[in-house]
Amino acid sequence: MPKYGFLGLGIMGTGMAANLVRAGFEVTVWNRSPEKTAPLVALGARVAATPKEVVEGSEITFAILSDPSAAEAVFFGPNGVLTGLSDGKGYVDMSTVDAGTSRRIAAAVAAKGGRFVEAPVSGTKKPAEDGTLVILAAGDRSLFDEAQPAFGKMGKKTMYLGETGGGAHMKLIINMIMGGMLTLLCEGIVLGEKTGLKPVDLLEALDAGALANPMFKGKGGMILAENYATSFPLKHMQKDLRLAVQLGDEAGQPLYGVAAANETFKRARGQGLGEEDLCAVYKTIKG
Amino acid sequence: MPKYGFLGLGIMGTGMAANLVRAGFEVTVWNRSPEKTAPLVALGARVAATPKEVVEGSEITFAILSDPSAAEAVFFGPNGVLTGLSDGKGYVDMSTVDAGTSRRIAAAVAAKGGRFVEAPVSGTKKPAEDGTLVILAAGDRSLFDEAQPAFGKMGKKTMYLGETGGGAHMKLIINMIMGGMLTLLCEGIVLGEKTGLKPVDLLEALDAGALANPMFKGKGGMILAENYATSFPLKHMQKDLRLAVQLGDEAGQPLYGVAAANETFKRARGQGLGEEDLCAVYKTIKG
Amino acid sequence: MPKYGFLGLGIMGTGMAANLVRAGFEVTVWNRSPEKTAPLVALGARVAATPKEVVEGSEITFAILSDPSAAEAVFFGPNGVLTGLSDGKGYVDMSTVDAGTSRRIAAAVAAKGGRFVEAPVSGTKKPAEDGTLVILAAGDRSLFDEAQPAFGKMGKKTMYLGETGGGAHMKLIINMIMGGMLTLLCEGIVLGEKTGLKPVDLLEALDAGALANPMFKGKGGMILAENYATSFPLKHMQKDLRLAVQLGDEAGQPLYGVAAANETFKRARGQGLGEEDLCAVYKTIKG
Amino acid sequence: MPKYGFLGLGIMGTGMAANLVRAGFEVTVWNRSPEKTAPLVALGARVAATPKEVVEGSEITFAILSDPSAAEAVFFGPNGVLTGLSDGKGYVDMSTVDAGTSRRIAAAVAAKGGRFVEAPVSGTKKPAEDGTLVILAAGDRSLFDEAQPAFGKMGKKTMYLGETGGGAHMKLIINMIMGGMLTLLCEGIVLGEKTGLKPVDLLEALDAGALANPMFKGKGGMILAENYATSFPLKHMQKDLRLAVQLGDEAGQPLYGVAAANETFKRARGQGLGEEDLCAVYKTIKG
């Protein structure tokens, strides 16, 4: 039975770490605010005082931090992950970061003789708790294989996407498609409203046909209820659209649809909707 | 047991009429090319020589023609539907036409004392055969209610969308969302390819998450197989995008995402891909 | 000295007809509201009671009406141009109309043995008065040549653009470029404002460089002065952008820049700015 | 008579420095490849071996380097500008760089007690030789005022745009408008070609009206001649469009027109046209 470490007990990490503990693995956790460790301890997890300590006591350490700067701070900072790494140890960063951040961490892990996998996830709080995330992994293949028992408890599907950076790119592409689809949905709802159709009928018709998808159902329902409670902040989606446009730039690939969605989300952010849920873009499109 | 008429035995109509006959209804069919009536006769349908004859012998006549001009020809032409209509008779046009065509037909039906429902469908050949279409109906409410037994055999879901024109608008909005989603999918596939990801992995990741939908699965699979066999011609999708942009124009509603998709489909059509399946837009986006 | 007719004494026509009279030509005028003929009579023009009468008494009749429906009414209506046409007579329609309208009129002129030139103009009230319009003519070459003495008094430049329809297309393309340029100017002004630059500085820098053009200077100055007094209604520019997108559609030519401008002007129109000058699109872009 | 230094004798710098020498100023020049100094020496300039030496011997040093990394290398590198700066000395960087680069240089100049002005220019080789550039200056006001005699010989117009960064932003906004205008011109030319108009007629009509501008005339003429000889590389325009979209992102300002142009230039770059003149985007739009 391998010893696992887990860094970051936010909305996502709490559920994910809990699934590892419940599955019977020996898990040592750490969080910047130590009080968040209590529910895990109640389930049977150990607690360490620093990321370094977690890494030293674990064969594989998983981490899910809120953004690239948090991911870099926990890794490169004082008593950070880097200081605890040694030959053969595994580090799996499940944060959503850009490919550049992943590659800097990967290089530092390799320099200490460790192994690195980036593994951003598709899914939010509920799938994290239910162990039904989609795990988009890339990097060291041997570590990927060894981490399968853990991945299997956190996600319903785990993909191996080649060299470090592949997971970040995949996540970005999925999110850019999501942002574009949401603007299309809102354009459709508003066009319907202005030509005499009820939004609820459009959602029902969509849900009955070939375009039916959980995002339309979920976000469409929120829009109908005028509920913009944040599960994915609009400003984060706009950031992903911006990064996707830039990735297209590097690749010499035009992305007219994504670029149009980016401008619409920029308008929404400029209107002060950045902290609301991404479906608040509906208000911008309605104008 | 009501007597039904059915006009138009193309790819869609053949399956739909067959479902009515198999359900035990008394159905009289007509098709411009009479040889297409044979399979229906084999199932037990009667054949009439003209649309007029069908309408005269039926309480409710259903029609599904290939485009607005065919719909108008069968309705207004010599021995057409109009010539057979009289007080109380029902005419249900399931063709995909613009709201203007629908309204012209509706007015002519009313002038003869008849009742009219427009009922375009969402779904293609397979759902037509399986009786799992989504029926987007609008117009005369009493006729809509009376036609329920027939709708129930042709579709898995039937919606009532208010005044004549509502069905056409709903179909158009669904199609414009589809066209936009397909360009986003292709932009994602191509961006992935140019940054080292396999298209099959992107499709798999999409299919496991909140954006999973039958269209991505179906069209994505065709793109992977480089199979552009036409089930929905690209030029028809471009026409729908054009009409949606125009509808937004009438409504004073900007549709930046749809407009970008429209230009991309125009490029595809300009490249000679109009007769291929709409997923051939992938070739245009790949450039 | 040829005898000229002139139909339509609005903002444009008054100045244009006056330039013909002042040049010493014998000119017979007509206007729907007869009181508008007074200034021309004061200069020496004759007045006729109907378009028919004008055409019968003139070798070449010029017309500039407000829109396609006015152009068709004056031509096809009771006592209209068509009723006065006979062998060899010339009709020059300088209204801004779509190519279809032009072709319908051209066909009717030809059927009566007459000759037709469409000749929309680039320029507004001031150039009309100063005789410095740009005349975009197309159609019958012999009539074009014979009308040179008149064109030379109304415009500073006259172009022959081939078959009927060429003038309409040229005007449309120039206007679509104008609409696109104006959105770019506004995007630049607003981006400058939000990053600390003064609009007046941007206009000054533009006016000193390779992009300097009278439209930027004129419309830019109006925007700075928050003066949206209508010389070219925003809704007409949006109509031209829509027609240009449709012309691209017919030609299978994507126009991503024009399509984006069209959506922005649609938003402006949807916000109730349609009757203001086209530079009011600035308010929409500022958001 | 102030002593001037001049760094960078490329296409632009050679003409600009020559104008200073011809005006009778005492000018010390430096260039990475020393052979480029010969024409200046022939006119009467002195030569120094390093940027440091130039700065030490001059009251105000002007520089125009090819890009941000060259600008930073000449400034921060061994025997660079920074090493020669001392109390009160002036440094005027006329390179086109982003606001961030300008601010880093400005901070380093200030730390040595020097004064800094950024002053990118609008105009290419010919205006540089003719002394008719537009100089977009920002930064230290006293240095700006003192440099007037020199600016007056290099440009026909010099603007003061506030704090460091203002010049870079102004240049970027002008270039983004240029890139957008060029895509509109090409869309117009191609739409005309596909509907029967000659490109030369469109250019002539544009040049006679309110949109007439030197860029349309110059680039339009090149397109007609199928001459894509590079005066402004397409890839640099695409970079400016990308930076403008990003600046809009920081400012929360949507720029739909610019974003569409950016995607079109990306496509052009992806097609291998990056090293050709920016007007090669015509080939991409023609498709």
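Order of writing sets the labels: A, B, C and D. Residues in every chain begin at 1.
Note that in this section a contact is a pair of C-beta atoms (placed from the backbone, for glycine too) under 8 Å apart; a residue touches a chain by one contact, two chains touch by 3 or more.
From a predicted model like this one, the values you see are computed outputs, not experimental measurements.
Student: Since subunit A and subunit B are copies that touch, just let me know if over half of their interface numbering is common to both, same, or not, different.
Tutor: Same: when the shared numbers are divided by all numbers used, the fraction is over half.
Student: Higher C-beta contact count, B-D or A-D?
Tutor: Pair with the higher count of C-beta contacts: A-D.
Student: Could you tell me the distance, in whole angstrom, between the mean C-alpha positions of subunit B and subunit D?
Tutor: Chain centres of subunit B and subunit D, defined by C-alpha means, are spaced 55 Å apart.
Student: Any idea how many Å lie between the Cα centroids of subunit A and subunit D?
Tutor: Chain centres of subunit A and subunit D, defined by C-alpha means, are spaced 41 Å apart.
Student: By the touch rule stated above, which residues of subunit A touch at least two different other chains?
Tutor: 248, 251-256, 259-260, 263-264, 267, 270, 287
Student: Provide the residue numbers of subunit C that touch subunit B in the complex, in ascending order.
Tutor: Subunit C residues touching subunit B: 238, 242, 245-246, 248-249, 251-256, 259-260, 262-264, 266-267, 269-270.
Student: Quick check on the complex: what are the subunit D residues that touch subunit C?
Tutor: For this pair, the touching residues of subunit D are 122-123, 134, 136, 156-157, 159, 161-163, 165-166, 169-170, 173-174, 176-178, 180-181, 183-185, 187-188, 190-192, 194-197, 201-202, 204-206, 208-215, 218, 244, 247-248, 250-261, 263-264, 287.
Student: Mind listing the subunit C positions that touch subunit A in their complex?
Tutor: 256, 260, 267, 270-271, 287
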